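The structures considered in this document are given below.
There are two complexes below, and they share chain A, which is joined by chain B in the first and by chain C in the second.
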Partner chain A sequence: MGVGQAPVVKRPWLPRWLTSEHPFPWLFPAAALMVVFGLYPLYKAVETSLYKKNAATRKLVWDPDFNWTKVLFDERVWNALFNTLMYTGIALFFQLVLGMLIALLLDSDRKGYGLLRAMMTLPLVIPPSVTAMMFLLMLNGSFGVLARGLVAMGFIPPGFPILGDSSTAMAGVLLAEIWQWTPFMVLIMLAGLRSLPKEPFEAAAIDGATPVQAFFRLTLPMMSKVIAIAVLIRGIDLMRAFDYVKVMTDSGPGTATETMTSYAGRIYFGNADFPYASTISLLTLILVIVTSTLFMRIFKVKL
Partner chain B sequence: MELSRRWQLLRDVAAVLVTGIFMFPIFWWALTSIKPISAVFDKDRVVWFDFVPTLINYGVTLFGMSRSQLAIDDGLGMGVAGSSSYDSRQSILDSIIISVGSTAITMVVAVLAAYALSRMRFNGRDSFLNWVLGQRFMPPIAILVPMVTIYAGLGMRDNQNLVLGYVGIILIYALMNLPIALLLLKSFFDDVPQDVDQAAMIDGATRWQSFSKVVLPMVKGGVAAAAVLCFIFAWTEFLLSLFLTTQIRAIPVKIQTFVTSTGNEWGFITALGTAAIIPSFIFILLVQRHLVRGLTLGSLKE
Partner chain C sequence: MSFRDYDKKTFIADAARDFAARRISKRDFLKKTAMAGVGFSAFNLGLLGNVRRDRGLTLGEEAMAQDAEVNKWLKDVSGPFKGTKIRYTSEATPPTVVLDKLKGEFTEATGIEVEIEIVPLEQVLAKATQDVQGQLGSYDIYYLDQSWVATFSQDTVDPIQYYKDKPDLAMPGMDWDDFSKPLVDGLAVYEGKWVGIPFDIPIMTTMYRKDILEKHKIAPPNTVEEFTAAVKMITEAEKANGMYGTGLQAKSGHYSLNCDWTQVVWNEGGTIFGADKKFAGNNEAGVRGLQVYQEWLKNSPPESTNSTWDGQWQMGASGQVALINSWDEFFPGWDADDSKVKGLWECKRPIRGPKYATPADAGFGEIPGAAHQGGSILGLSKYSKNLDAAWIFMQWACSKDIMTRCTLGGGFAPMRISSFADPRVKAKEVVGPGTTRHLPVVLETINNDMASEPDMPLWAGFSNNEIPVNLGKLLTGQDFGGDAKKCMDTIASAIDAAVAEAGL
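Here is the complex of A and B:
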């Protein structure tokens, strides 16, 4: 490659930590970006949450306990927390089960399956806000094709506003979420399935194990690491869900689909109460940190 | 395991059916974009294929054609209020500038850091990796509130100066994509044996030379995959661009403005939406091979 002949450029006047032999110059741009746009705003968010917004004068007053006490007794926070956890749990369950089933279905070397697998990846790259619009269109009470289908099957009365009724709005939002991100699980499960060794399955088949037994006794245990990583990454993204809720229901009707993130957004835009919006945002961060750390400890996963 | 022919046929049918179900929303979306208004809003029946296709929605959103033409063609005299707000050419340009700009910055920053984290042994290496990972896990909303205030203070949010506005969004997207790009690139660098750059350095190359002339060319595929993923994530991002700028309307935000108090302009929404997802579809098919690794931050390989 000619590197052998390249003269070694030595710059003795440069301190060693500024040369390429030292990690500093390599890491500095990344560190700078993460400090300026990550740590500093985070510090400002914590600081902002310690102020109280005076409703009358619209001034910020130093009052460290105010927002953090308020948050504990705010029923809407508990509602949003419940919605966030329910949203995360239901979506994870469906994405995991459907993802595994579809992966098993598509895991074949036959002709045409490669095309089907490639098609399955397409939903992943649609902007979530556009996906939300897709389902808004299909779930529209008066002309939505999906709503019409549900009416024809007798599940809902004609003209029923699925996203406008507090009993079904969350299901409607979840439908978009599950549609878009089940392919994520499919892809990861497929990668996991393809990396499994063949011998245990051959041995099991000789011993007369049924495919179902082989799945539960062999496939699942051997895939546990892959499943744990998929659940961790997906779960973190689910807990900060915003786009679908914002576009499809705007947290409504009432607070039926309000999640932590969308509640913070509502406080921010609606009341311009920056300190309280910061507090709720930080609570979301704490939720993510606590649950992901617990998950990583319990299931012994490391990314 | 061998399946009997009947079971195999059943499996083929099921596989096609399931994929079809997942393709349906995209199909319906694209179909709606070429329907005339009357077919979209038909309250009596679902219109499948019995309509006269029209490209007017694309004409208005992508080429800035007059909206009044739409009303004339459709034989409806409904609310023709001018076309400027549906002309999305500026938004497409904004999205391209933001996505390309942030991808470029992310890649430069991430390639450098990933190389060092893969190749050098130093104190705090694991802490740095954890910091990066933590950055990936941080909900954007946590930094959003102060960022809005900071950007507004710097004149980056209301964009009297458009360039400042672009810089602001590009930098925040670069941060958003940094962890995934960095961890993905690190996993590609880890695949290259350490002996490779050791040999180059024994031959007298500096660290920089062994990186730029030897190792980097060996991970070209990985760099391309990471760049494509960064581009797609920037292209589809919604929350940050919704809050952090008032003048720059990236496509995901622009589409939301077609939701009006009198009704949703589904024709324009679906046309712009369809146009916006086509580049992503092309890109994602190009990096199929590295997709799983990218989505799992380099921890699973296909």
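Here is the complex of A and C:
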């Protein structure tokens, strides 16, 4: 045994795969949790989606094609899909742009900026449903403070129901989403910005580059991986949008803010059609997997 | 998404909604959110505003006197069940809120604990659906809205039969004939079976601001035509002052919109289903009814398309509207001490259309009429693991004594004929918190005008999804270009296909 080497403890009474040198005992709890809470529910969802439910008798009949065919011809699914993608796209755009701008403003060591950065986290600790309730009240056409502000600025007529009108409801929901999650982008961008090396920026400054040139030629390219990961994380989350929609509009008016998850929720809890709701949920899962895989391929994101 | 996940996600939302709707105080709201691990900044607290109180629910001394005979029976019968815990979930209806306050008396006498989960209506449906689908018996009693009675009829024990089968547990003086017959027929009975015991009966009446109508020299309307003319006139005259003719519960995708819609269809002589069991809302009468509703919407606060019954009540309480054809249970809250409209609202029998279809013209047990009833029943779960303990509680909760005291506590309509005539209830027929001055009108309405939605297993889904979602598209301009007929045709094809698929 060389100096500094740990003594090898032999445990002849245990098989090797159960000793601490083997990864199995360490992976087992996580793997078991994954099977119980991840794979089994997924298996049940797939299995449930292959049954057809009689709404009158509540009997489940094996009919593998029924729900998967129905989902393709259901106009509300396509509307929900469009809304989900629109919601994701718009929210991501604003959160990314605002997140980067605010991060650039806060990227300073001057006095008080640390406090400002800490305050940015405040919206993140509020549960989304409470944020949704706050915006629901603030956007109320009769007494909401934001609605009154918009009236004062001449954007909407007095009493206009922002969340009760199909042309503005989505914008109202997005406002809450963007308010709450932009700080998340700010934090990620700030972490990225503060880890960038100083030398390229100093060299650029000596060469006479303007701040705008430095941002587009240096900051953005060097931040591309950080941005890609931030977009991926938020994108996956946004495609599962439920809380704001449920609390603020309940998918309405009509189906103007209905997303894939909120539609699945309505079918599950309103119509009690568990097989069809499972099918819509699985379709959402497929959507998330496909788009995130494509994104990772296109932007060469490695996790 | 799992049921558990759904629960988690909506817990805080529900607490927040309850707070906004005055069902819970700010203290309770904060407690709930704190339980969920929430930290608030002072900014957020400031946004939440001041404490809001109940809708005039008061428990006076008269409501606190426990009937000695009932108490004795409870003590005698409950011995084997001491320590049992029974559970049910309910919407925050006035009788449930009062019963929740009174249940301690039951526990004291019996040793049986009662847990009442008070959640929004759609969650009550979700929890009951989950329970019956898995036959879990998580809930011993189901609170069933009238629109779900057929759906859950196979999951409950017939109380009349159980009363006969279990004489040792039968409450003396239960007096089943004391339940108003129209309520039993319209609410509790499906295909000859009592699915549960009538528990709550909000019913549509016409309520009006006496001062505003007098100011404009308008007589309280008796017909749909008079009502429409009055709301138009008031909107025209008072809109500049922030007042509209009427207010609606027209939230897209919500059951409240379905209730409003069924009423306007009936008022024009239409039915939801024809005798052939086909959707009939798209016939001439149905379309005419919806057009009347579109006209009312033009004369109501814009927030109507984003309001359920809570929002509609708020419109009345804040002095935003002069006439409402809706739930009678709004009335006591408007008479509360802190109400700015105390004593200003009056109640009358609902406005009537030119003619009404008969039950024979309709399908699935639908009863067309001028007063949509939104009642509920308490059903004893077939899957309960504490069936007998739950049965004792159910009899107690629906007894003469408790029902009358619930009315005294909140001023809402009782299920029992004897409660209407109770001297304590009569004594409260004055302006004030928990007033019962609207109850004579309510009794008359129940006996003469009561209407009920179709009794069919698919109705819970239709009335919460297909109908209010498509109506929402029409009323908010998302689809159909304002064409009521197109909207109704879309609903008809969806519903007829689903009914055929279910083999009904």
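Heads up, the rule we're going with is that the second predicted complex is superposed on the first by the 292 of 303 C-alpha atoms of A that agree within 3 Å, B and C clash if a C-alpha of one lies under 4 Å from a C-alpha of the other, contacts with A are read in each partner's own complex, and residues count from 1 in each chain.
The rule is simple: a residue touches a chain if its C-beta (ideal position, glycine included) is under 8 Å from a C-beta of that chain, and two chains touch if they have at least 3 such contacts.
Just so you know, these numbers come straight off a predicted model, no measurement behind them.
Colleague: What is the contact status of A:P183 with respect to chain B (first) and chain C (second): first, second, both, or neither?
Modeller: In the superposed model, A:P183 contacts chain B only, not chain C.
Colleague: Touching A:P23 in the superposition: chain B (first), chain C (second), both, neither?
Modeller: In the superposition, A:P23 contacts chain B only.
Colleague: Which partner chains sit in contact with A:N271 here, chain B, chain C, both or neither? Use first/second/both/neither.
Modeller: A:N271: touches chain C, not chain B.
Colleague: Scan A:V77 for contacts with chain B and chain C and give back first, second, both or neither.
Modeller: It touches nothing on chain B or chain C.
Colleague: Which partner chains sit in contact with A:A228 here, chain B, chain C, both or neither? Use first/second/both/neither.
Modeller: In the superposition, A:A228 touches no partner, neither chain B nor chain C.
Colleague: Determine, for the superposed model, which of the two partners chain B and chain C contacts more residues of chain A.
Modeller: B
Colleague: Examine A:P161 and indicate which partner it touches, taking first as chain B and second as chain C; both and neither are also allowed.
Modeller: second
Colleague: Is A:A55 contacted by the first partner chain B, the second partner chain C, both or neither?
Modeller: A:A55 sits against chain C, while chain B stays out of touch.
Colleague: Determine, under the contact definition given at the top, whether A:G254 touches first (chain B), second (chain C), both, or neither.
Modeller: second
Colleague: Please identify the positions on chain A that touch both chain B and chain C, taking each partner from its own complex.
Modeller: 41, 122, 125-127, 129-130, 133-134, 136-138, 142, 242-243, 246-247, 261, 264-265, 268, 274, 281
Colleague: Show me the residue ranges of chain A that touch chain B in the complex, using the header's touch definition.
Modeller: Of all residues in chain A, those touching chain B are 1, 3-4, 6-9, 19-21, 23, 25-27, 29-31, 33-34, 37-38, 41-42, 44-45, 48, 102, 105-106, 108, 110, 112-113, 116, 118-131, 133-138, 142-143, 145, 148, 179, 182-184, 187-188, 190-192, 194-195, 201, 205, 211, 226, 229-230, 233, 236, 239-240, 242-243, 246-247, 260-261, 264-265, 268, 274, 277-278, 281-282, 284-285, 288-289, 292, 303.
Colleague: What does chain B use to touch chain A in their complex?
Modeller: Against chain A, chain B makes touches at 1, 8, 11-12, 14-16, 18-19, 22-23, 25-26, 28-29, 32, 40-43, 46, 108-110, 112-113, 115-117, 120, 122, 125, 128, 131-133, 135, 137-150, 171-172, 174-175, 178, 182-183, 200, 203-211, 213-214, 232, 235-239, 242-243, 251-253, 255-256, 264, 266, 269-270, 273, 276-277, 280-281, 283-285, 288, 291-292, 295-297, 299-302.
Colleague: Under the definition above, what is the set of chain A residues touching chain C in their complex?
Modeller: Within the complex, chain A contacts chain C at residues 41, 54-58, 122, 125-127, 129-130, 132-134, 136-138, 140-142, 159-161, 163-167, 242-243, 246-247, 249-256, 261, 264-274, 281.
Colleague: Hey, which residues of chain C end up touching chain A in the complex?
Modeller: 1-2, 6, 9-13, 16-17, 20, 33, 36, 38-41, 43-44, 47-48, 122-123, 125-126, 129, 132-133, 251-254, 301-307, 318, 320, 456-458, 460-461, 464-465, 469-470, 472-479, 498, 501-504
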